[in-house]
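First chain written, first letter: the chains are A, B, C and D, and each begins at residue 1.
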Amino acid sequence: MFPLFDDKLFECDIPGPTKQEIRAIVLSKMKIFPGCRILEVGTGTGAVTSDLERLGCYVISLDQNEYITDAPGRKFTRYADYIQALSPWFASRSVVFDSIFIGGSEHVEETITLAYDLIKRDGVIVINAFSLDTLTRASRALEVTFGNYDVIQVTVSKAEKLGKHRSFIARNPVFIFFTLPKLETLFLPLVFLLSVDPLEQFCPYL
Amino acid sequence: MFPLFDDKLFECDIPGPTKQEIRAIVLSKMKIFPGCRILEVGTGTGAVTSDLERLGCYVISLDQNEYITDAPGRKFTRYADYIQALSPWFASRSVVFDSIFIGGSEHVEETITLAYDLIKRDGVIVINAFSLDTLTRASRALEVTFGNYDVIQVTVSKAEKLGKHRSFIARNPVFIFFTLPKLETLFLPLVFLLSVDPLEQFCPYL
Amino acid sequence: MFPLFDDKLFECDIPGPTKQEIRAIVLSKMKIFPGCRILEVGTGTGAVTSDLERLGCYVISLDQNEYITDAPGRKFTRYADYIQALSPWFASRSVVFDSIFIGGSEHVEETITLAYDLIKRDGVIVINAFSLDTLTRASRALEVTFGNYDVIQVTVSKAEKLGKHRSFIARNPVFIFFTLPKLETLFLPLVFLLSVDPLEQFCPYL
Amino acid sequence: MFPLFDDKLFECDIPGPTKQEIRAIVLSKMKIFPGCRILEVGTGTGAVTSDLERLGCYVISLDQNEYITDAPGRKFTRYADYIQALSPWFASRSVVFDSIFIGGSEHVEETITLAYDLIKRDGVIVINAFSLDTLTRASRALEVTFGNYDVIQVTVSKAEKLGKHRSFIARNPVFIFFTLPKLETLFLPLVFLLSVDPLEQFCPYL
């Protein structure tokens, strides 16, 4: 199950991949259990897709770029569906996704509206933002559609061996948005009040 | 399975807990699969212990402090063994741990030597360092015992709502050390050379 | 001249002060020379005001809050003018400021428009943003009025002695905007092309 | 006087330059006044040297590398002395330096001992560390020679325009050590107790 896939496996011409540490945080915020359904917007190299499938999820992964056919992640996934499509044009008849991950999108607002329509009542939406522009637009769109959200900034630097010494090499900071599942918001006070075997209530899929 | 336990569940008089984002990265570096055995040095609030058990691990958790009996994590774990002991005095007859996590220790060098003796051939040791002192001592001890290691620095800030506005509130940076599993080091070139179903070779426990 | 004033000198009930490291970066971006005129919006504790006057500037400092009368910085300045006023209502008959520093304002857009009107042709405007809201609004307003700007994020953590060890204690990240002086934009290529004693062209006030 | 020299002016084959923001913090920690004497160990591109001379300092700058003769900073300085020498072999008959800046050195311990011998009683020593190795060695050497010191970590990321959007591009973190001037340590309580015109006591060189 762990460790997550190595970054080197996804190195190619496609921008990315989302680094292992960032993937770990993204996954830890989503609602993931064996057999769950995930929508991913912005496949990129397929690194997140691969980790999701390995954790037992069925993933539908969208990307508007042609390079989705060459994503290295395809080698590590067997059941995930890769669809070359613009997210605003993607539609689904019913609310079917347990979690939605937006790794990148030029149509931030429309994608968030789409995610709001397709997510289950207790699902979580996670969004990675790298540019000032996406940061701004995602925070406004989430405020409007969801009313509440959390956003963290994560900066990772890795000590790489240059010559004899290890120097800290910085990676670009990432802003990670995540919505709060309505279910958790309801149960959290209950856990404290009743304190009756919270494990069962909390993780029914264990 | 996911999301990981909420930080609020572990708030108490004991210093910590290790924040959810840091736990996510720590777990993603370790070798975890259902039924694996983990040694944890420095229980603290038991947040990491709880997440590990929920992911299917059997955890032995050591802490030299008396407060190990009151760790909130005990409410969320059923099988984990909590032992109040100084890590250098802990011994085991055989090499039995798939992964070892050192969340805090005053005897960094002795604990790393102990970890080296008790870890399986392809196991991973992860160490969290908060102080300049631990950073220095852990890097020296790992250099001596393991010869090679990686270290990253992770800084997380969270936008908290103060009045009308969200301001980024910084959390203290954490240095995370992890050793490379010998098995992975061997297989990695093979994956590239042969490229024959790397999934099977990589994650035999899936 | 240096070192800058110590943070401890400005500790009081007023939020702040802007930390020494951040003040150093702010000052290094502004156009400062003995006898220059500076407008400061958001006095706060008066730390930046004090450093500016010590570097030989004449400062007009605005703050809408009553606590401007108690700002500790008043003890360290002799010529600076402190005015309790809302920045949008402040007016000046002529373009008189060599540099403008916006340390905090609830009327970001109006303050930036005011700054644009009052700054000299080769002056620099520096803005500190702490909240996601200010970050968003300042970047939009600068795009509209100035067309171009730079923004950096600065994170400082300081190793404080806790018990026997030094642990890195994080300070909240700050976003620092600064506009490019039109003069510099013109001279920079000249420096490279002609390379005729750039020192004279560059620092006429030395 | 300000703004500091632009980073672009120092771009060349020599590693560096120390970025403007880091230079600003370094200068703000040192004891600088017109006519003061500064020792710099590790000239590099000469960016710090240039800023120091422009602020009115006389700088002696050491570097063991041959490229000291081509440092771009030479074009911007007129009085600074550049000496190609290993810092442990540099000697001076008397204690003559108001501040010492160690921008880089392979002989950290010897250089700190040298700095201790050559600094005036109320001078400040500032050290930049980029590698884990220098971090470790500098903190030990300062503990031994000076007994006390401060160390901060500074991370800067700059929003660069990539295509249509501004993305935050991280720069490698820098650790900045600085010793506390003995004079300031003595005067600080006096300022609070007497509160008699602290400006005069504090900045006799203004």
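Brief remarks follow.
One rule holds for everything that comes next: a contact is a pair of C-beta atoms (placed from the backbone, for glycine too) under 8 Å apart; a residue touches a chain by one contact, two chains touch by 3 or more.
No experiment lies behind these values; they were computed from the predicted model shown.
When the interfaces C-D and B-C are ranked by C-beta pairs in contact, the top one is C-D. The chain with its CA mean position farthest from that of chain C is B. Two copies of one chain, chain A and chain D, touch each other, and the residues they use overlap strongly: the shared fraction of interface numbers exceeds half. Between chain A and chain C, the centres computed from C-alpha atoms are 38 Å apart. The distance from the centre of chain B to the centre of chain C, each centre being the mean of the chain's C-alpha atoms, comes to 43 Å. Centroids built from CA atoms put chain D at 23 Å from chain C.
Contact with two or more other chains is made by residues 132, 139, 151, 153, 155, 157, 159, 166, 168, 173 of chain A. Chain contact summary for the complex, chain C toward chain D: residues 1-6, 8-9, 20-21, 23-25, 27-34, 54-56, 75-76, 78, 124, 139, 150-159, 166, 168, 184, 188, 191, 195, 198-199, 202-203, 205-206.
On chain C, the positions that touch chain B within their shared complex are 130-134, 155, 157, 159, 162, 164-173. Chain C contributes residues 132, 135-136, 139-140, 151, 153, 155, 173 to its touches with chain A in the complex.
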